[in-house]
Every structure is written in C-alpha cells, then in structure tokens.
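Two complexes follow with chain A in common, the first pairing it with chain B and the second with chain C.
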Partner chain A sequence: MDLQLALLFLQQGVASGLVVGSVYALLALAIVIIFKTSEVPNFAQGEMLMAAGYVALYLLVFRALPAWASISMTIVVAFAGAALFRRVVLTQVAHASGSPVNLVIATLGLSYVLKGLVRQTGFGDTPRSFPALVSTDSLMIGQASVTRLDLAILGTAIIVMAAFFWMFGYTKLGRAMRSVGMNPKAAQLVGVNLNRIHTIIWGLSGAISAIAALLISPKLLMTADMGSVVTLGFAAAIVGGFASLPGAVVGGFIIGIVEQLVGLFVSSRAITLAPFLAIMLVLILRPQGLFGGRVVIKKV
Partner chain B sequence: MRILGLLAAMAGLIVLPLISSGYVVYLANLLLTFTVLCLGMHIVIGEAGQFSLAQAAFYGIGIYTSGLANTAFGWPLPLSVLASGLVAALVGLCIGTLALRMRDIYLALATFAFGEAMQWVFLSWTPVTGGPNGLRIPPASLLGFEIVNDRQAYPVVLAITILMIWATVVIARSRLGRAFRAVRESEVAALAMGVSVQTTKLAAFALSAFFAGVAGAMFAIYSTYIHPDSLGFQTTILVLTMVVVGGLGSFSGAIGGAIVFGLISELLRQAPSYQEIIYGLILIVFMMFAPRGLFAFIGDNLKRFARA
Partner chain C sequence: MSKRATGRLTALAATCIAVMSLPVAGSAQEPGLSDKTIKIGMFAPLSGPNMAYGFDVANAARMYYDKINKEGGINGRKIEVVLEDDRCNANDLVAAVKKLVEQDQVFLLNGGSCSAAVVAAKDYVVRSKIPLIMLNASGDGALYPPTDYIFGAFSISQYAVGGSIVDFAAKTFGAKKIAYINHDDAYGVWNLEGSKADAEAHKVDLQVESISPTITDVTAPFFKLRAANPDALAIVTYARPAALLIKKAYELGFTKPIILSVTGTANLSQLVENVGSKDALKNFYVQDVLADLPGGPKIKWVYDMYKEAYPDLAAKPDHPQAYMPYGIPPAMSIVNALKEAGPQPTREKVLEALKKQHFDTGVMAGPVVFGPQERAANKSTIFIKFDGTNQVLQPGVYTSRWQYKG
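Showing the complex of A and B:
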C-alpha cells in the first residue's frame, strides 16, 4: 500500500471513527454511570438501545408523528422504562438476596425479554432502515468524506455529553450522584435518598441509550440483534477504566477509530473481533484502563 | 431415603435405552450433556461467585477439539474427551489470568466479548470448523468399537456424566471447594484466612471451562453435525437459566435444573419466538422471588403449608 492511499485511509478512518465513536462513548457513559453507583454492569444496555430504536421507528414511521415529538417521546419512554426496571425489579432482587451476581442475572434477563418482545411485535422480523432526519449529502474534510448526518451525530453526541457532565459536576443532583458512587452509607447519612438517586440514574442511563439509538440507527440496518453493539460500549468503558466518566468518553472515541481503521486496513470482517482484541490489549498493557486509578478492595 | 432415591434413579437411567424410543435416548444424551455444562457453570457462579459468560464458546472449543482429535489424529475416545477439556481449560486460563487482574466484573465482560469473538472464529475458520456449512462429526470409536447411534453412545455419555458429577462432589468437599465458597462470601475474610483469592477465582473459571469442554466432547460422541449458530450467547443463557432454575449455589439444583429446564426448553422448540421472552422472564422472576431456585422455593412453601 503506498503512502498516498495510507494517508487517505487514515483520514477517513479517523473521521468515521469519531462519528461512530461518539455513539460508543454515549453507550459507555450510560454503562459507567450505573456501574459507578451500584457496581452492576448492565448487560441489558444494548437491548435498551435496540428497544428505544424500535420505539422511535414505530412513532416516526408507523404513526407518522413529527420528528420532535417522536424523539422526545422515545427519550421519555426509555427514561421511564429503565427507571421502572430499577425501581420495581432490581429493588426486589436486592431485597430477595443481596448478592451482586443476582442483579447482573436480572439485567441479562431484561436483555432477553426486550429482544423477545421486539421480535414478537413483528417489527424485528426483517431488517429495517431508520429514516435519516438530516440530509446524507457528503462533504469533504481534508481527504475524508463525511455526510451532514455524520456531523449531526457527532455534534448531538457532544452536546449530550457536555450537558451530562455539567449536570454531574455542577448541580445538586449531580453531587448527590457522585456521593452515592463514593460512599452510599455516608451519602444516606447526609440526607441523600438512595432509592431516588438510583432510579434517576437508571432513567438517565436509559435516556442516554435512547439518544445513542436515535443517532446510530440511520447508519445501520435495524434488527432485533442490533443490541450487540453494546460489546463496543463495554470495550470503551474498559479502555477508560470502567469507573471513570471522562474515561468512558475517550474510550468510546478510541474504540470507534480503532474499529474503522481495522475495517479499512485489515478487513471489514475482522471488525467483529475488534472489541475483544481491544479489551484484551487493555488488560495486558494497562489493566486499570487509561483513566482508572487503583482499585481498592472494599472493607467488610 | 436418599440412597433409595439415588438407586432408583440409577436403575432408571440404566434401563432407559432398553425400553424407550430413539428420540428419548437422544434427549437423554442431550440432557446429560447439559448437566455437565450446568455443573461447570455451577462451579464458577454458584460456588465461587464469579461470572463466566463464555460457556457456549468453551463448549464449542470442546466439540471442535474432539472432532479434530478424531478425524485428523485418530485419537481414542478417552484421550479426545480429556483433550477437549484441557484445551478449553487452557484457553480459559489465558483469558482468566488477564481478566482477573483487575475488577471481578472484567471476567464477565471479557468472556462476553470472547464468546462473540469465538463464534466469529467458528464461522470463519473453515478448514477446522467447516465455516458456515457446519461440520460433519465422524463417529467416535471406543476400544475398536464404532459408536454410530444414540443408543450406543448413551452408556459412554452416562459414564462421563457420572464421572463429572463425582468430580464436582470431590472438588466441593476439598480445600479448593471451601476456598471457592469463602471467596464467594467475602474476599477480605478469605484473604485473611490465607486463601489466595486470585488463584482461587482463576481455578474456578478454568474448571468451568474444562467442564464445558468435556460437555462438548460428549456432544461430539452422539451427534453427527455441528453448526456455529448453536454456539452463540443463546446457549450460554440457556445454561445460565438452567442453573438459576435449579438454584444458584446448589449442586443438586444444577443437575435438577439441567433436567427440568432441559425438558422445558425442548418443548419450547415448538415456539421459538417465545423462547427469548420466556428465558428472560424466568431469569428475572427467579431472581426477584426465588433466588435459591425452584426446588428450594417449593420446599419452603411446602414447609409453610405444613405448618399452617
């Protein structure tokens, strides 16, 4: 491969990598905020994204609602669904046993229920395409070709992340969330309502997944299995150290760029292996992740 | 009472192929295979409290190793069964060593990603796995005697199952088994008692991979065909559901769950579109109301009923 072509591939890979990476970053963010506050890796995150995508598709295409209404309704539904799952199901699971393994199994159960439900409705039987709300005319940036849609995806993702970081860092609610992540008992002592905070966090995580779904769906064919994109979100979270929010974002962009470069330089079929290889590489080279500090063993 | 029940079960298992149809024997083989898969899952989740979400991948590794040992090297059956288990355990050891260096949960995530990656490998490595066409598994041979149908395979499969059940009991009663449960209950307390937490977790994970590999070899004995589609995350979830139905942490539950839910899943084959919802609901509902499994749940309620 000559230098000219390699440079072209590199530019194209980074450009498309930033676009898909922004979606992985959102997904990783949604995973990490739950893990940080309750030590549960949510295996249903991908299916939450998938289900939200289908809700949006239903409202937008089958009900022919205007875009703003469909988008806001989808986000509200995702928020409510995730919050409800936390409030009704996980509270009871924790009450019944308390072992963290059981909470994880419950999220695996949710992922299968959502997948099965989407298949049952009949929307999931054939791959469907989600209408692009922004034009797909392409632009050239340097030598890389990107569409207006791509720029809209990247822009929206960055705005959502900025809003989330502002909320998390500078509001009373955000401070309560951070305190729950650091020490739930102490947080409770100073008057934080744990149940309420956990419910809101799950709701927010669901809402962020819904936004990720709205962004990624026009770029791929929708199927009931599209939730498997979550593997890349997990990979991004691990790259970032799994308990660091900025880490999750940076990890998302790294995974996105690596995935696109592997697709261009190696082969598009090798993309499936990218998340696993990325996870293993991080575990070999820098097991605490790029942004993770030392992991402390919790005292009894 | 318990001994009597055990003897009755043994007698039933031995005469089963003499009195039943071919399908029932096939089903019995399948359920025994699932029993071994469940025992593997039981060791890692139930005993040690760690998560492995790649049981299907290790099962696949076992199947292909056994197929390869059989066709390419012409190894005798006991050797290829052992090789299947060891290869799976070795792969598990490599992943586990890396994944368990940091957080517990990395094992779940790494194995989850590994499962997806392995399915891709199974689909793409055509010379060994047959790729998307699947692989015809040649009949296994034991002491110069070819095993060509389910009925002939049954005694071998049963013998391996009993051996693995025995191994599970021996492990559970050994120092290692006590270390598993200590780590599950409290890592700090286990550490204080001189248990090497990392090594123990790794041992549990590698053992579960070994069990899954052996289960794969068992499948290769009576089955003639394997396709990568049946080695996906779905199978891992099926095994997990069985263990959950039987009761996390209960040895007899793992076996009971494999048999009870194995039969249910065979019935569910008629309605594939409901399969996912039912598996998912079972996982959620059991975690909510019967975290100790179906049998403990029934037992508890019977006691309450008797008292009232």
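Showing the complex of A and C:
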C-alpha cells in the first residue's frame, strides 16, 4: 500500500468512524445511565432502538406525517414505553425477588417481546429503508468523502450528548440522578424520590435510543434484528468505563474509528471482530475502562 | 450329544435359515408405494417470515404433480402428496422429515427451500436411505461431497452463483479486474470458490472483500474495492448488504457496471426503495436463474398453470411469489425418475435414474444435469439489466466452470 493510499484510508477511516461512533456513543450513554443508577445492564437497549425506529418508520412513511411530528412522537413514545416498563415491570420484579439477576432477565424478556411485536406487524419481514431527512450528497473533507447526512448525524449526536451532560451537571433533576448513582440510600434520606428518578432515567434512556434510531436508520436497512447494533454500544461502554458517562462517549468514537481503520488497513472480515478485540485489550490492561474509576471490591 | 441329535439340530437350523431367507409377503413393496399410488413427502416454509422462499414453490410442484395425475399418473399410479411446514427452520424441518418418513411412510422426499435448514436433515436422510430431491434450496452443504440419496440446486448451487457472475462480467464487459464482495460465511466461501474457477479461466484478477452478513457500515470494504480501480463490481451477498453497497457506490460516484447475484434479488421493487434512488441503478445488472424474464414468453405457461390451479391465490397482489417457477424442475425430475424406474419402482431404481438425468425443463436457464459425482442440477444463469423500472434480458446464458473434485 503506498503512502498516498494509506493517507486516504486514514482520513476516510477517521471521518466515517466519527459518524458511526457518534451513534455508538449515544447508545453507550443510554446503557450507562441505567447501569450507573441501578446496576442493571439493559439487554433490551438494542430492541428499544429497533422498536423506536419502526415507530418512526410507521409514522413517517405509512402514516405520511410530517418529519417534525414523526420525530417528536417517536421520542415521546420511546420515553413513555421505557418509563412504563421500569414503573410496571421492573418495580414488580424487584419487589418480588430483589435479585438483580431477575431484573436483567426482565430486560432480556423485553427484548424478545419488542422483537416479536415488530415481527407480528409484518413490517419486519423484509429489510426496509428509512427515508433520510437530510440529503445524501457527498462532500469532501480533505480526501475523505462523507455525505451531508453523515455530518447531520455527527452534529445531532454531539448536540444531544452536550444537552444531556448539561442536564446531568447543571439541573436539579440531573443532580438528583447523580446522587442516586452515587448512593441511593443517602439520596433517599435527603428527599430524592428513587422511583421517580429511576423511571425518568429509563425514559431518558429510551428517548436517547430513539434519537440513535432516527440517526442510524437511514444508514442501515431496517430489520427486526437491527438492534444487534447495541453490541457496539456495550463495547463502547466497556472500553470507556461502564460507569463513566464521558467514557461512554469516548468509547463510542474509539469503537467507530477502530472498526473503520481495521476494515481499511487489515481486512473487511475483521470489522466485526475489532470491537471485541478492543474490549479484550481494555479488560486486560485497564479492567475499569479508560475513564472508569478505581476498581472497588465490595465486602459482603 | 448324539450324532442323531446333532443331525436334527443341523436340519432345524437349516430350515430356520431357509425360512428366514424367504421373501416376506409384502416386503417387496417399498414404503409409500401401492398399486394405485406413490406417496411423496413434501416440506417447505408454509408459514413464518421465510414463507416467501417456498410457499409458492411447493404450490408449483404440487400443480405439476396434479397435471401428471390428470394425464393418468406414472405407470398407472397417481401421485399422493403429504405436505409439511418446515418454516425454514432446521429443527422444524428435521421433525417434518422424520414424520414423513416414519409416520407417513412416504416413498421419497421432495422439499427444502432454505439451505441451512435442509442441510440439517442430511445425516438422517442418508441413514434412512430415502431419496431426497430438494425444492429450491441450493443446499450445497448436503450435495458436496455427493451421497447416493440427496439431489438439489434445481435453482442453482452457490458455487455456480459465483462462477457464472464472473463469466458474465468477463464476457459482457471484457472485465480484467473485478471487485468482488461476498459474505464471510459458508455461502461466501462456496461462491468464491466457484468465482475463482471462472476467474482463472478468463484470466481475471479478482479483488475480494468478504463481509459479515450483519455488517452495518460498508464504507471500508467499498473504499478498498474502489481503490483497486476495477472494471466491474460483483456483489454476491444477501439483499440487505447488497442494498447498502449499491447505495454507497452511488453516494461515492461509482459508475462502473454493478452486477448483483441472484441471492440478493428476492424483491427488486424493495431494492429500488432501499437504495434510495433509481439513479443508483444506471449501470446495474441482476442475475437470474430462470429461462426468461419473470412472466416472459418462455415461461408464461408456468404462470398460466398457476393461475388455473390457484385462482384465489393468483388474485392476491403478492402472488405468485418470485420463486414460484423453481418448484417445477424438481417435480419434473422426480416424475422422470419414477417413469424411468418402470412399473415396479424401488427407491434404488429411482436413485439410479436420478444419477443419469440430463433434460431441459424449459423453466430454468440451464438443463438439469446429474452424474456419478454431480448432485447439483443447474449451473446456468441469465442476466437482466435493471434500471429501477424496466428489465431488459441480456443475450446469452452464463455458466460456472466449477467442478467438484472430491
């Protein structure tokens, strides 16, 4: 490979990696906010994204609603659905057994329910395209070729993440969420309503998944299995540090760029392998993730 | 023991052996065979998300059997079909096969529309020594290495899919360098092996990128292929990655011919929708395995027969399903083999007849050809130029050179 080609591949890899990485970062963020506050990895996050994508497709294509209405309704439906699941199902499961394993299994159950529901509608029988709301004309940035849609995805993801960090850092609700993440009992003692905060966090996680779905669906083709993209969100969360919000974002970009560079410089076959190699390397060299705190061993 | 007793015992043993070696009444008649009927066990996806792969294919085979029955049957016997739903799922398919063989006692099996599922039945079929003539599954995994009992790829084998696409690109565009993208699974390996045989024959340089069927971003593999400056792009993938690649090629201004394998063409109108613009299909060709365009004059009789046999289904907008005509060649193959086996057919006679088959179905691009080492029926394809609206048949039939070498 000559130097000029290597430079072209490098620029393209970084540009494309930032675009897809921004979506992985959003997904990682959605996973981490739930884990940080309840220590439950949400294995239905991918299916929440998939279901939100189909809701948007239904409203935008089959009901021909305007884009602004479809987008806002999708986000509201995703927020409400996820919050309802927390309020109705997870609360009951927690009361019934109190074992975190059962909560994890409940999220697995939700993933199957959502997949089944989409298949039942018939929309998931064939790969479907989600209409791009921004032009897909190409632009050159240096030697890298990206579309206007790519730039819109990256820009929107950054705005959403910035808004989320602002909310988390500078609002009363955000501070309450952080306190629940740090020490739920202490937070309750100072008047934080744990149930309400958990429900809002689940709702926010659903809404972030819906935004990720709206961003990535025009680039993927929609199928009932498209939720598998969440694996890369988990990879991003692990690389960044499972309990670190900035780590989740950086992890998303790292996974996106690594995927592209491995595809361009090593082999297309290795694209699917790259995130898992990154996870293994991080777990071996820095088990708490790049931005995770020190490993704390809880005494039983 | 006295000599007399020993003699008696010897005589008794000899009598027993003689009695045991006598033919038992009725055992000469094979399972599923009576004086008036031949029972054929069919299985196909009749429900579930993969129904489009085989529901109407099974219907096509059944209507052909009905036609033979109306014409008097085979050597005086009518064909009786027992049909099971396999849902294109390995577990359901193996259960259906076992039921057909053990409970329904069929004479032979005719089924399988999904390769991975039908390959799961291979061991049982071979152990049971029952002929299995697949419907439209390529089923390469069950065809190579060849066994005495399994015949398939009436639509086409995966080896031939890859080989014939290179044959087309080399002959039609004079391509000397072909960008070739396949899957990194067993299908992709078979496709590529066939392609390499034809690339070698045409002295074509294949630039290969193998991708996961679940790939979400095709930028990297497409960029690498484009950097090789190929004369044509051959996409040998399933429908979803194929649509992503065509879309990416359009976004990046790729203008060389794009050729899509039959594995990615289940629904062309959906493909147009998925690539986002008809402009993406300006220099676009799709592979097909029929003898003519779907509904074209050469195969119109199949569509007419379907309308007559299933008027209610034919009135529905999504019927006949795209693969419907693929059900005719395996049914023809079975009927020809049963005729060849004569008035007292046995499974062995039918299997011997199948191994020698060479006939033109009038439905597929190439003839059905089996041989001592050949269990894949069809190796030929046609190509259609598709601009998003119109389909124009390209001249010629393109065949894979790949041969099983053992």
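One rule holds in what follows: the second predicted complex is superposed on the first by the 296 of 300 C-alpha atoms of A that agree within 3 Å, B and C clash if a C-alpha of one lies under 4 Å from a C-alpha of the other, contacts with A are read in each partner's own complex, and residues count from 1 in each chain.
FYI, contacts are C-beta pairs under 8 Å (C-beta built on N, C-alpha and C of every residue); 3 or more make two chains touch, one makes a residue touch a chain.
Computed from a predicted structure; not experimentally measured.
Colleague: Scan A:Q45 for contacts with chain B and chain C and give back first, second, both or neither.
Modeller: The answer is neither, since A:Q45 touches no partner chain.
Colleague: Of the partners chain B and chain C, which touch A:G116 in the superposed model: first, second, both, neither?
Modeller: first
Colleague: Using the touch definition from the top, say if A:T156 reaches chain B (first), chain C (second), both or neither.
Modeller: Neither partner.
Colleague: I'd like to know which partner A:G263 touches here: chain B for first, chain C for second, both or neither.
Modeller: In the superposition, A:G263 touches chain C alone.
Colleague: Once chain A of both complexes is superposed, is A:S228 in touch with chain B (first), chain C (second), both, or neither?
Modeller: both
Colleague: Taking the superposition as given, does A:V104 touch the first partner, chain B, the second, chain C, both, or neither?
Modeller: first
Colleague: Using the superposition on chain A described above, determine whether A:S22 touches chain B (first), chain C (second), both, or neither.
Modeller: So A:S22 meets neither chain B nor chain C here.
Colleague: Pick one for A:S179: touches chain B only (first), chain C only (second), both, or neither.
Modeller: Neither partner.
Colleague: Go through the superposed model and pick first if A:F276 touches only chain B, second if only chain C, both, or neither.
Modeller: First partner only, chain B.
Colleague: On chain A, which partner's contacts cover more residues, chain B's or chain C's?
Modeller: B
Colleague: Find the residues of chain A that appear in the contact set with chain B and again in the contact set with chain C.
Modeller: Chain A residues touching both partners: 119, 228, 269, 272.
Colleague: Sort out for me which residues of chain A touch chain C in the complex.
Modeller: Within the complex, chain A contacts chain C at residues 5, 8-9, 12-13, 16, 20, 119, 124-129, 132, 136, 138, 145, 147, 216, 219-221, 223, 225, 228-229, 232, 259-260, 262-264, 267-269, 271-272.
Colleague: Spell out the residues on chain C that touch chain A in their complex, using ranges where they run on.
Modeller: Contacts found on chain C: 49, 52, 184, 209-212, 214-217, 219-221, 223-224, 227, 239-240, 243-244, 247, 251-253, 266-267, 270, 273-276.
Colleague: Name, in rising order, each residue of chain A that touches chain B in their complex.
Modeller: 35, 39, 41, 43, 89, 92-93, 96-97, 99, 101-106, 108-117, 119-120, 228, 231, 234-235, 238, 242, 269, 272-273, 275-277, 279-280, 283-284, 287-288, 292, 295, 297-300
Colleague: Inside the complex, what are the residues of chain B that reach chain A?
Modeller: 45, 49, 51, 95, 98-99, 101-103, 105-106, 108-110, 112-114, 116-117, 120, 124, 186-189, 237, 240, 244, 248, 273-284, 287-292
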